[in-house]
Amino acid sequence: MILLRRYAVVLVGAVAVVLLQVVLSAWGATYYMTQITMSAYYSLVVIGLCLLMGYAGQVSLGHAGFFAIGGYTSAVLTTFNLIAFRGVPWVDGCRSLGLLVARQDLYGANLLTVSPLLAFLAAILLTSLLAFLIGLPILRLKGHYLAMATLGFGLIVYRLALGTAVLGQADGISNVPPLRIFEGLEVTGRQPFRVQNYYIAWAAVMAAMILGINLVHSRAGRALRSIHQNEEAAHSLGVNTYRYKLSTFVLSAAFAAVGGALLTHYNGSIGPSEITVMKSVRYLAICAVGGMANLGGALLMGILLNFLSLRGVFGTYDDAVFGGILIAVMLLSPQGLLRMPDWREARSFLCRRSHG
Amino acid sequence: MADPLLETRGLHRFFGGLHAVKDVSVAVPRGAIKAIIGSNGAGKTTLFNLIAGTIRPQGGEVLFAGRPITAWKPHRVAALGIARTFQTTKLFPHMTVLENVVMGRHARARSGFLAGMLSLPRTWRESRLMEAKAREILDDLGLDDLAGQPASDLPFGRQRLVEFARALAMEPQLLLLDEPAAGLNIYETQELSRLILRIRDRGITCLIVEHNMPLVMTISDEVAVLDQGQKVAEGPPRTIQRDPEVIRIYLGDDHA
Amino acid sequence: MHYAQIVQYSLSGITVGSIYAIVAIGFNIIYNTTGIINFAQGGFVVFGAMTAISLSRFVPLPVAIVLAVLLTTCLGGLVELVFIRRCRDASILRLIVITIGVSILLQEAMLHIWDEKVRSLAYFTGTAISTVTILGAHFSPQVLWVLGVSAVVVAALAVFFRFTLTGRAMRACADDRMAARLCGVSDRRMVTFSFMLSAGIGALAGCVISPVTQTQYDMGPPLAIKGFTVAVLGGLGNSTAAVVAGLLLGLLEAFTVSQFQVAYKEVVSILVLLLVLVFRPNGLFGGREIGALRAS
Amino acid sequence: MTTRLTMVIGTVLLCFALVLTGCKKQSPQPTPVTKEPIKIGAIFAVTGPASFLGAPEMKTAEMLVQKINKDGGVVGRPLLLIVKDSGAKPENAISFARQLMDEDKVLAIIGPSTSGETMAIKNLCQEGKTILMSCAAAEDIVNPVASYVFKTPQKDSDAARRIFEVLKAKGLLKVGVIVSNAGFGMAGKAQLEKIAPEYGVTIAISEAYDKQATDLTDVLTKLKGKDVQAVINWSIVPAQGLVAKNLKQIRLDVPLFQSHGFGNIKYVQAAGEAANGTIFPCGRLLVADVLPADHPQKAVLTSYKSEYESLYQEDVSTFGGHAYDAILLLAEAIRAAGSADTDKVRDALEGLQGVVGTAGVFNLSPTDHNGLTMEAFEMLTVKDGKFAVYKD
């Protein structure tokens, strides 16, 4: 029973996902899945952020940065052409090991690049490593200072992406190949793979959800909540507050990286617009609208709001509507649109003054 | 007194210009109840924070069972078996009483971040054990009926007890009590003194900062007096009560 | 580097720095009385400039600016009454989210009131091509205006907070709301007032910098970020420090440009900020204890 | 528990219902013409950092489509324009492109406004066999040639060549290049650096400033330090006004050359007196009135200019012209193909010759999907706040 209750969100989610697929297919409107899939990848970031902000209580205005690092790493590795290095022993060695793959692009040019799967793993590892290195110093900061530091991190990533030639500067990186998990199952936006990718994306999201839920209900999760509710007390009980914050930070970054890398393969490209402050703000805001310490809410909002703006439902008023929703929720129902049982958590987060 | 459990040697701490703790050396014998008294701003709580590692001393050292723990981070100090309560109770307001006490078991449990995420079987076993132990302690303090309640809903006296329970859950060797009687009525205070004695009898050493003289004098085996950050007297309650210096501090010069 | 060039870089650094500084001042006023970082500050700046530009078609420049400042002041008050007042004693995070929401709304509103096109206010003295020359280096007279206005604003604020009753009351709220309330200070009114004040100053800033920077509906957030950076760099809540930090950052960026690709200008400046945060968590001029209290 | 479940399910379903209806409402109603309309998608950066491109493009596109429909549409069928605002975000452009291709089944997509977005959806359209008429300038949009991808703005390389010609004539052989770090600027930078040697021009320094820059004295100081004989600024962003001003303010008294991205009188106004003397290559739209009456483009340009300005009460800009040309070419191709069959239209596009647009005279071919030559450019300059043809 407890288990059922604990994983209810996931179960309901899974059911809803399948239902939706059936309905859409029956309706012949499978094209909606394109945007749902994209939103799913974005909500991976939100889930991670939800753990970081809602449970560990640490603000981050820089998560688009991690999303982008994941995406860009995967993109660079899978598009950087090593064909010139053919014959160089280590290159051929890697190739024979299957670390490098050769392919042809649409215009018949021959490419020799890192295999997408490897690139994907590299992306996650690199992002986690960077998150660790960044978090090491800045997680000692609190409140606005932490917000500024994370914001700054995001800005730096943005500037580097805009300034560095290998990262495509303003145009970003396109022609990113699909990510083949195994024969017949690949992350790509091509139409025939639509339903398949819909499920791949959701599999990733659900996995993240389950990991998150487990964490929240584990000893570590309790420790996180305690840090959030009274750091000094938690510390005095032997909770290594700093270490827990750091772990959560890295975890959420890793989630973001997964989302970023997968979406990049799905879209076949990534650009600097993924790293703008506005993106980070969006993630944070969606998390707040979902009710902070509420994975289910975060997920639902992540899917919904991203889906709406990806559909361009609000046309030129997209940002305006977004801002409106944001403020409305914050003012009228601070604990998020859907009140989950742990709404006390949410309220505690939103209504307690963090000062003093 | 042979090998004190806790000992501070010449601790110093300034805040801006203010010399909050000045060259304070106190020793807490094993299994004893030691009280630290002194007027407001005498530096009692600062001393506590220096011991617990919440703030770093600018001079002097802290020894626990003969081993230097000066300026250790609180969680390491806690891991050694030093538990503390706070002047203003610091429960986790949005956790149940049980959860609060379970938090007390944190330092005694292992399973880490990844294990938790993957929710490995051993984490389950462990959390069951943590919970059992917590319930045990709640029963012992007669709080079992509150287990399910959110801590923030409890009356003040109860909250303090829960904080005690949480501290005891750590199975500490040394218990630091910061003004445990503050804000308690006379009955609660008596209950408290009985509780502290019981804890002591279980072999848990207690270091208490307290204003409430009667309480201190009845329960403590040794008393140290701080004034303006300095130790001015130390000894058994009887002698302290007669110490002119102490009387001057408490009642003013004309009584000396 | 030729010395005239060094001077030239310094001047351009000062130009940019003074812009950062005057924006940062707005942050500090609100932060002082409420502990809120108002991310909509940039919006106020742009709104002020836009209004002034539109008005300056009908009335002489000074009048237009005064009107713009007044209008924006009202806007600031309105924002506080409608959005902030409802969530007093909310967590930092919620406040961040709300002010960000406000800034988004402001920006979109401006996009639809005015349009996406770039405008700019007439130079206060001289024209786009008139320059002042110092030590063989040249810069626009408008820079002097920006510096002058920042200086005057800082001075005025210092006087205001130290010697006027309202100012004292606001400081009281900053230190301890409860106590202030007990002393009969209506902290609500103080908060509203601080928003109006910073909005007004923001508008003034917008007008003064408009000839230099030009004004477009979406330049609010970048300005706000820079302002925030500078405010943090100087130590939140300290306007004088903000001005100094602003100029420092400006100079830093200018000389970064002299050595590195312009593209990485901000990378360097932000890196420096992060380092400062790590080693002096309360900013260059923030006292440790106070900072610690504020931050936690 | 159960209540929670039902609630969540409820919310999800409700939201999606809302969305679906929302989307249905979204797609504009077809104009009441008996014949079923030809759907044309458009992705413009109407808001966001490139709004100064997208906004006029959208306005122009809507205006032109209305006009065409009023005149009875193309091959007897009205055009139906479905506009999406990408906010200059490639990821949105991708999403919209898929939408337009998969559900709206459009014949062609006009836009996107920026090269980054275009490159992001180039392959998409190629694979999805949907014609893409990009309004972005970057050369690599049509090189390598993707059979379904076209672009209407003039070639960067031609603009560069025009500038270098003048430089060479004036004997200014040591130049400093600054560009905005937006797609347009970076593409231009590449071209300038590539072509400069052909004209014996040395680029002493080339820098990219932020597209939202608010002051450029620092980078210009850097140029001054290299004592360049001329400054080339290549960008479409408002900062171009700043370049002109700051140049004068730090007394870097060398001629300023701008790119064809300067084609918006607003920038001149923003720069005030400082703009005077700026030299830049541009389509003839901005000098339509002063063109000789017998000039082939005269008619098109004046009509577009007057219609746009009377309809929207704002100055026409060359960017809107790119959208105008895109739709014009498409309409011509459909007429030529005599049907709205994608492949027929595509082939017709490649066959179009001598189509007079706002950017110039288009001569498309299977190898040239842009179809403009250096002739498309006129060297313009700014005389007391107005555009004028440059003569030396």
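Going by the order they are written in, the chains are A, B, C and D; count residues from 1 in each one.
To be clear about the criterion, a residue touches a chain if its C-beta (ideal position, glycine included) is under 8 Å from a C-beta of that chain, and two chains touch if they have at least 3 such contacts.
As the structure is a computational prediction, the values presented were derived from the model and not from experiment.
For the pair chain C and chain D, chains touching both partners: A.
If you take chain B and chain C together, the chains in touch with both are A. Note on interfaces A-C and A-B: more C-beta pairs are in contact across A-C. Chain centre most remote from that of chain D: B (centre = mean of CA atoms). Distance between chain centres (mean CA atoms), chain A to chain D: 33 Å. Centroid to centroid, with C-alpha atoms defining each point, chain A and chain B lie 43 Å apart. Here the CA centre of chain B is 72 Å from the CA centre of chain D. With touch defined as above, residues shared between interfaces to two or more other chains in chain C number as follows: 261, 263, 266. Listed for chain D are residues 47, 181, 208, 210, each touching two or more other chains.
Touching two or more other chains at once are residues 162-163, 319 of chain A. By the definition given earlier, chain contacts exist for A-B, A-C, A-D, C-D.
Across the complex, chain A meets chain C through its residues 53, 59, 61, 137-138, 140-145, 147-149, 151-153, 155-156, 159-160, 162-163, 277-278, 281, 284-285, 288, 292, 317, 319-320, 322-324, 326-327, 330-331, 334, 349-356. Across the interface of their complex, chain A is touched by residues 1, 4-5, 7-9, 11-13, 15-16, 19-20, 22-23, 26, 46-47, 83-92, 94-96, 98-99, 102-103, 114-117, 119-120, 122-124, 126-128, 138, 144, 146, 181-183, 185-187, 208, 210-211 of chain D. Chain C contributes residues 1-2, 5, 8-9, 11-13, 15-16, 19, 111, 115-120, 122-123, 127-129, 131, 133, 137-140, 209, 212-214, 216, 218-219, 222-223, 253-254, 257-258, 261-263, 265-266 to its touches with chain D in the complex.
Interface of chain A with chain B (complex): residues 211-212, 214-215, 217-223, 225-226, 229-230, 232-241, 244, 247, 251, 344-345, 348.
Chain C contributes residues 35, 37, 83, 86-87, 89-94, 96-98, 100-105, 107-109, 112, 221, 225, 228-229, 232, 236, 261, 263-264, 266-267, 270-271, 273-274, 277-278, 281-282, 293-296 to its touches with chain A in the complex.
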